[in-house]
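Listed next: structures, encoded as structure tokens.
Below, chain A partners chain B and then partners chain C, in two separate complexes.
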Partner chain A sequence: MFFQNKAKTEDWLMEQLGSSSDIICRNIKSANQKATIIYINSLCDEVNLHKEVLKPFYEASPQEFTNYIKSLPNAKTVKQKEDILTAILQGGAAISLNGEMLIVEFEKVVNNNVGEATVETVIQGPQNALTEDITTNLNQIRHRYPQASLRIKSKKIGRQSQTKTMILYDEKLASPDLIEGIEKSLANVDIAVLSAAGQLHKQLTTQKRTLFPTMMITERPDRIAYNLAEGKAVIVIDGTPFVLITPSVFYDFMSSMEDVYQSFWISRFIVLLRYMGLAISLLLPAFYIGVTAYNPEFFRVQLALGIAGSRAGVPYPAFLEVLFMLLMMELLTEASVRLPKSIGSTATTVGGLILGQAAVEAGLVSNVMIIIVAAVAISNFVIPINAMSFAMRVAKYILLILTIFFGMVGLVMGVIGLVAYLANLSSSGQPYLKLFFIRSKDSK
Partner chain B sequence: MNRYFYYLLILNMLVNVFLYVPNILLRERFEGAVLAIPIGVLIGTTLLFLFTISINKFKGVGLPELLEATPKWFRFIFVLFFSGMWFIAGAISLLAFNNVTIRFINPEISDVNMITVFAIFIVLLLVRIPSDRLLYTLEIILVLNLPLIGLVMYQAYSHDYLSIYSMLEVATHYKEIPSWSAIAASTFVFSGYTNLVIFYRVFKEKIRIRRLWFVPIIGFVNLVTTIFIPIGMWGADGIGDLTYPWIATADTLQIEFGPVERVVTMFILLYVSISMISVAVHWHVAFETLKSTFHIKLKSERIKKRLDWIILGSFALCVYILELNLKQNDIFVFGENWLNFRLPCEVFLVLLMIGLSKKVKQ
Partner chain C sequence: MNRTKRFSLFMILIMLVLTLTSCGYKDIDKRAFVVTIGVDKAENENKDYKVMLKIAIPPTEAKGAKQEFIVSEQESNSITDAVRMIKSKVDKELDFSHAKAIIYGEDVVNEDIKGVLDWFIRRRDIQKIAWVGIGKPNAEEILKMERKVELLPSNSLFLSFGKTGTESVYIVSEYLFDFRRRLTERGIDPILPVIEAKDQFFQIKNVAVLNTDKLKMTLSAEETKFLNIMLGRVENADIRVKAEANDEKDAYFLSGNAITVKYKVLTNQKDAPIIKVDLHVDGVIEEAMKRISEKHLEKPTKLAEKQLEKKVKQLLEKLQEEQLDPVGFGLKYRATHLNEKDWDEWKEIYAIAEFQVHADISIEGTGLLK
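Then we have the complex of A and B:
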């Protein structure tokens, strides 16, 4: 009866896995015992499997071998057939021994090379980014944050991908409500395949349609350690070098790790520069329309005449010119992100230099417009966190449309609306934007 | 949270320009406006301190919650009446700055369309935002605007053509007994504290009364600036001809080494943004007061949501109807009457608050 059951489990497993070439099912036999091993050789570390299972199998007595296997740190006993299957699919080897099914995990990880940070770079600071393997990432984080109070809670997310996801936090600093809230919202996530941090972020927000990121997405281990020390929680996902940090407020998205590493005035200067960049990229196109089409008296007469002069050859209203140029700029940005790196520079040269000059000469846009578009594009890249810079790219158009219809008053309205919208957002219960946040002392 | 109280005070001090306070005071510049300033400061600060000390007895509650101790009929009438007052406060500044906008910034758009846009914008802003988040918004908008307003004020004060003799000419009429209108107008500058009836709900700590010593000083400076700068620019007689004294004054300014040619555009834009926030604050108080009275009986979330839209929609509709029926001068008369009527109401509110603080124990 017992043996029958065992045989059935193996058959069921093989039936489920089907006949793929990388599935190994082997009956092994020594002088006094026999066993069956099932694993997938593309997921399983075979060298270790040989060393830790096969060799002792031929050297030890049956009793000793069973005890040995059970005492391995990566071994576990699993009762349910479905759980065995999941374990095999995640790189475990199922060993059936005297009618008992044991799982020993020999996960083979290929993509655990630590590479340089490419999305958030700093000049003189830690250069390495996280990897796509969760254990390597944990290793990096633990190295940077060697605190006994660091807690790691694990959860599998994704109906089909069963992606390993971990919540990291410092028990002494993070509020229990925060962790409870995250666990609750993680439990509600219903998604088939989870493969990126942004994807999880989208699932964790309560509102369906959002524009601004309310959780920080980062690839920098030093930023993670910094935020852990501030009592924030970090969600690490297997298979992506990006993690989520929550709660994150508006200012976090405008800060780079460079601010911490530079001397006081330099970092203040950089931060100021960044906010000016934000203001330029948000307001300048709308401001241009407001000034040329509605209130040319705002600036000096010479400037008003200068702009009007450069627009003399342009046959249509200012807003079409702005929309046309901004659209070109967005296309250029989007193209250079998606293109292979080797072609990317060609696209920027063709688009930026040739098209810009030609558009002016053809009388489609004014010279001033080219300057404005360039300024907008450059200053948008000053925003250090990509998600925020994307959000601001979109927000710019809302201000633009309000200004097109209602002039400078529309711009003022748009700014108030934007501030109110941001102030109304929350990140894990924290208000997203207010002027002063009280920070912990040692973070400054 | 203490600093948000100052913002509420500063907001009213700034927005008085659009609420016809300078018009009233300048009209009566030879008939007691000068004496109205110290009297206004005295009455205004007394009311402010009495109110703040009374509400300081409680923590984290608004007036609607405190009113539970009063009889039902009183509560109902009081809430309807006072939310009406707050609504009109917002409505007048909306009407006034709408008028200024279509005169000086957007002459192409019709007044009714412009006010519809403003009203819709403010309704959309208010329907979602809770009290504390509105205060955060207020703080950011003020911090963005105040330096620029300071710049304009500096330009005005340091102007070569600011005639000290005109100012002295008006100042010598200090013995005249001020009219009710003048006193009511000058006390308005201090009445930002009344917004606490709702915003006190989100104040986490008590207001430190001692730190409010600067309020009478700032209020005084504010009132003096409000009437004497236009007088200094336009002369003691000339100022009487202007419909919008402050806007005309701002139009005399030019920033010589700055990029801005006409300061008036910048000035109006700054004041439009401040007025818009002020309308939002006033309407928020009216909205929340009404909500807290009607919501008690309602259970279903959907009906509550619908009620919110109905309240705010009727706000917008009222403003629309007012704009259709009031001419520029009517708005001024309406605003003046409201200011006159507001002062006794404010005294009543303060007395009520003192009574409540004696009666209700928390």
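Then we have the complex of A and C:
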């Protein structure tokens, strides 16, 4: 009966896997025992398989070999045939031995080279980013956070991708409610293929349409360690160098790891600079429209006349001019993201320099407008976390449109509305506009 | 279904709101910036005023542009009507948000000031921090003057007032709001600087003192300086000291800094009311006609104190004679005496009040090294 069952499982597995060239099903026989091994050679580390399974097979007695295999750290007994299939698909080798199915994991990882951080760079700080392999990432995180209380909970997400996802937290610092909440929301995720952190973030938010990120997406192991020490939870996803950190409030998105590494006043200055950049990129276009078209008394007389003079030849009203130039700038930013790195600089030169210059000379836009658009574009990049800088790029249009129709009052109302909206948001139970992340006292 | 319904309702509401924004949006290049407003007596006998608006023409080139402006004028019985008529003459929307100077012609101020002030106070687009002044011989001369030092029209006028540019002791800067306050408040009288048109420039060295409706007297440059000191508007002023009290020759000039003025109204039932003025001046000698030794400064100090006391007293008595009170002694009295009839009381007191001026000068140095 056992034999029948075994044969059935093997057949079922082979049937499921089909006839692909990288699927290996091998019957091996020694003097006193025989076994069947099924694995996928593109996923499986064959050198280790030979060393740890095939060689002992011919050297040990049947009883010894079974015990040996079972005692391997990467071996496990699996009952359900669906689980066996999943294990094979993730680089495991299924060994059927005396009617028992054993899984030994020999996962072969190709993309585990540690590279430099490219999205969130700091000048003098750790330079390396996470990799696309979860084990390497865990290795990096464990290195930076060598605490016994670090807990890792594993889960597979994605109906088809079965992506390994892990929740990391410090048991002593993170509140149990937080972890429970994350586990609950992870269980509700229904998605076919999971391959990026942002994708999971979208699935984890309760609202369908959101603008502002409520979970931090980062590639920096030092930031992960820093946040773990603050009692936050980190969601690591296999196959992407980015992780999610939750709860993350607005202030976190405006901070860079550089703030921690620099001396007190320097870091305060940088943070202040960043908020000023945020204000400029968010408000400047709207403010320009509001002041020039509704309240020119706001300017000094010199500036008012200067702007009026530079706008003298511009055929369209100021709001069309602003929208036109902002659109050009967005296109430029978007194009340089999508373009290969080697052509990227050409796009910025052509777009930024030549187009800007020509637009002024053709009398389509005023000089002042170019300054404003450039200031907006530059200051937008000051926001350290990309997701937030994207959100602000969108938010400025809302303020701009409100100002076009309602003047300075519209701008003020828009800002109030924006603050109200942000205050209404929450990240894993933490108010979004909370300025200081204070560890909850009742957590162990 | 419900969702689309809600969405369409939302859109309709937004569109309705859009209709409410009728005339707000006006591009900056479609506005004609009025930088100075002038009011003169009309040349036509049937009309009361000649209203002039100095409209700046924005420079199209940022560098090396020369100032350009037009002065649009209209004679009418009211400023409102005149401005309406001027509006029909210019192609752009008049914008008063940068009208930072208002010049009244001498003739207008000599007759009645209240009539020409009302419009400026009521219009919300006239900035209440605009400078007010009297144009001599008339406002037109000042408005049409093209000063070589200006890059922007009327800029030198703006720079002259409020210590933005020059810090002259002879310039009494007067804001529109303060002018109106002085005009309506009992116990303090309005003052206006007199802007005198010369050939290529203008000079502001005198101040005109008004009562509640028209110009009463114009002070000399020297008196203007002391009034400025009394008002506490200048901290640095030069004080001319003569060798003898009646001597024509100057002994030395004191460059006073940190000048402080305190005054008190003392009303004792027995004695005549006294207005006590205390002046304190720290200064160094700026120019001496005769050698003054560092060791013997008491005598020159005494000399300066006496002469300063005398000059201030003369000025105050001159104002008192005309029942004028630009310093605001009356306001001080009214502020410290809670009484329904305080104003009537004050009028009696001021007529007979005696000034006691005390100057305290300390000469900190001769300005020279030993």
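Assume the second predicted complex is superposed on the first by the 433 of 444 C-alpha atoms of A that agree within 3 Å, B and C clash if a C-alpha of one lies under 4 Å from a C-alpha of the other, contacts with A are read in each partner's own complex, and residues count from 1 in each chain.
The rule is simple: contacts are C-beta pairs under 8 Å (C-beta built on N, C-alpha and C of every residue); 3 or more make two chains touch, one makes a residue touch a chain.
A quick note: this is a predicted structure, and the numbers were derived from the prediction, not measured.
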item	value
First, second, both or neither for A:G417, with chain B first and chain C second	first
First, second, both or neither for A:P317, with chain B first and chain C second	second
Contacts of A:N367 with chain B and chain C, given as first, second, both or neither	second
Touched partner set for A:L433, first chain B, second chain C, both or neither	first
Touched partner set for A:P56, first chain B, second chain C, both or neither	neither
Touching partner for A:G198 - first (chain B), second (chain C), both, neither	neither
Partner chain(s) touched by A:I404 [first = chain B, second = chain C, both, neither]	second
Contacts of A:V301 with chain B and chain C, given as first, second, both or neither	both
Chain C-contacting residues of chain A that also contact chain B	294-295, 297, 301, 304, 406-407
Complex interface listing, chain A residues touching chain C	292-297, 301-302, 304-314, 317-319, 367, 404-407
Contacting residues of chain B [partner chain A, same complex]	101, 105-106, 108-109, 114, 117-118, 121, 124-125, 128-130, 132-134, 136-137, 139-141, 143-144, 259-262, 265-266, 269, 272-273, 276-277
Chain B contact footprint on chain A (complex, rising order)	294-295, 297-301, 303-304, 406-409, 412-413, 415-417, 419-420, 423-424, 431, 433-435
Chain C to chain A touching residues, read off their complex	17-18, 21, 24-29, 31, 33, 35, 56, 58-62, 65, 95, 97-98, 100, 125, 127, 152, 155, 158
